[in-house]
Amino acid sequence: MSESPSATALVEAILLVSERPVSLEGLASAADLSRAEVRDALGKLGEKYSRERSGIVLRNVAGGYQLATNRACAGAVERFRKEARPAPLSGAAYEVLSCVLYLGPMTRGAISAARGVNSDAVVRSLIERDLLAEVGTDRESPGSPALLDVTEGFFIAAGTNSRDDFPPLETLVKPEELDRVRERVEQSRRPSPVPEEES
Amino acid sequence: MSESPSATALVEAILLVSERPVSLEGLASAADLSRAEVRDALGKLGEKYSRERSGIVLRNVAGGYQLATNRACAGAVERFRKEARPAPLSGAAYEVLSCVLYLGPMTRGAISAARGVNSDAVVRSLIERDLLAEVGTDRESPGSPALLDVTEGFFIAAGTNSRDDFPPLETLVKPEELDRVRERVEQSRRPSPVPEEES
Amino acid sequence: MTNQQGRPLHDFNVELEVYSGPYEWLLALLLNEEIEIFEVPLREIVGLYLDSRSMERENYLERDTDFAGSAAALILLKSRMLSPVFEAEDHQDEETELSPGQLVEKLTLYLKVKRGAEKLRECFVENSGMYPSAHTLPPRPGKLRVESKKVSLAVRRAFSRLVEPSVSHLGPITVSIQDLVAVIQDSLSRGPLSYEELVRDMDRLHSALAFAAAVSLSSRGEVSLSQPEPFGPLTLLPEK
């Protein structure tokens, strides 16, 4: 390459040396390029590192850009590292993440209350996996419990940029389903035919 | 990409996740390819990552193959290194640091025992980030494992001068909790209670 | 990944005296105390599940795991109901008497969170197995920040976790499910065993654990439970 590398080459080189996603601004500043030039370079790199052909792909996650291995090559990568793929998350873990994603930042107590079961152990394992983090404290509550939020690692693992990439909470349940909730609640509130037992 | 990635893609993916040069044999074995196939793949990658056009180049060094940034991009790479905000520490990393800060110097085994979860990977990354260092060995424990302590870099990163600048442990944790932790740490130093197998 | 795989038990329906419909809904109603846990024969649910169980299913392991998890939660719920009132630390318990509107709201929110979780699972699965570059440069000295407050929080988190969850509300626990499993197994070697007989001299906690032990043995296929009518006498029969 001549002494003046192309914008694409500069962006590409920076992406290689960063494990984390790099923002458009970060790329522009390090490569000394305009944002438009960086965008153009990223477009070209998107072709060079396409999911269809390349073993390395360009991802746009957690508000930035990142080179990562194509998931079709995961087997070979894991064999090479002699590491198994991390165990998949449990159903409870996804529920806790969904809680925090949509309703957070929130305390452990609030998560447990929303789910109806104690979630402390799940929260602990999600902190360990760097998908949740303590981001402050809830000074209004007794004991100022820690507030939890999803992390950059969460958005990377989900392949998304931000909260906005998820469907709004309101759209997740169809009106018919809501009607069914109401119906069932009413049904279950009718006087029970079973005689009440002393307890 | 379909479920069966090309030989080139496999080799490319492995090279991304290895910082060090990988031998032809290493590539062949991880990618489950013949040496001839790997050689062919490397030929194609040599074109994709040519010094003339690409910001990432394929190097053949130290008896192996390695991806590296193109020298022509060194300026941008160094600027990025200066400007980049390092990845924030994970929750697990903070736990390990706080263990060592308050109970250290201590061995890897003692850290894992105090936290109740294997912490070796976290310790490794903290050593890489110069926040922990090996400062001696614990001669009393079987195998004389290394003792770890927080580094000067840790105090600089925390904006503090010494251990005394952190709140005393007693103000953070209940005495009975502390006793349990100490007991666990102590137990981890004793030879394993598991009966040894005859050989 | 399809939605169906995301919710292994989505097609498991139960037909009970007090409720008929999707199992998942039953759980939600129970958690919100809209259906009294005493009214739900866990034995029947286990039976229904075993009937619907098929190793042919692609996700049978996941189904089993999910079911075992939720069944264990039901047992816990039931045993909690049998023990003295647990004084929760949060203020949620003030709303023991939820109006139908509040209940619908609570259930709806939970359902949304659950659906959100299913979507998340799809995202995570689609994005698994992508590994970042290992060619990173170490950060420049002085760049790294350690927040002192987070160190303090981490101390609490790391050192408090070893403390067992408080069971003061349960009173002294002198017996485990395993103990009661052994007692039941021993009694069964002499023939069918009446649950009422078994728990006659036990306090509420022991009775709850005995019940959990019986359900556990039943789900392991070592015992069959017979209760001809709700609240009728419960008999444990050895499986041949």
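By letter and in written order, the chains are A, B and C; residue numbering begins at 1 in each of them.
Just so we're on the same page, a contact is a pair of C-beta atoms (placed from the backbone, for glycine too) under 8 Å apart; a residue touches a chain by one contact, two chains touch by 3 or more.
Small disclaimer: the values here were computed from a predicted structure and weren't measured.
Closest to the middle of the protein, by Cα centroid, lies chain A. Of the two chain pairs shown, B-C and A-C, the one joined by more C-beta contacts is A-C. Averaged C-alpha coordinates put the centre of chain A at 23 Å from the centre of chain B. Centres computed as Cα averages put chain B at a distance of 37 Å from chain C.
The mean-CA centres of chain A and chain C are about 26 angstrom from one another, to the nearest whole unit.
With touch defined as above, residues shared between interfaces to two or more other chains in chain C number as follows: 131-137, 150, 153, 157, 161. Touching of two or more other chains is recorded for residues 16-20, 67-70, 77, 127, 134 of chain A.
By the touch rule above, chain C contacts chain A in their complex via residues 17-19, 21, 25, 29, 31-32, 34-36, 38-39, 66, 69, 73, 81-82, 89-90, 92, 100, 103-104, 107-121, 123-137, 150, 153, 157, 161, 165, 230-231. Across the interface of their complex, chain A is touched by residues 1-6, 8-14, 16-18, 22, 26, 29-32, 48, 51-56, 67-70, 72-73, 76-77, 79-81, 83-84, 87-88, 90-92, 117 of chain B. Only residues 15-20, 57, 59, 66-71, 74, 77-78, 85, 88-89, 91-92, 94-95, 97-99, 101-103, 109-110, 112-118, 124, 127, 134, 137, 142, 146, 156-160, 166-167, 169-170, 172-173, 177-178, 181-182, 184-186, 188-189, 192, 194-195, 197, 199 of chain A touch chain C when the two sit together in their complex.
Only residues 131-148, 150-163 of chain C touch chain B when the two sit together in their complex.
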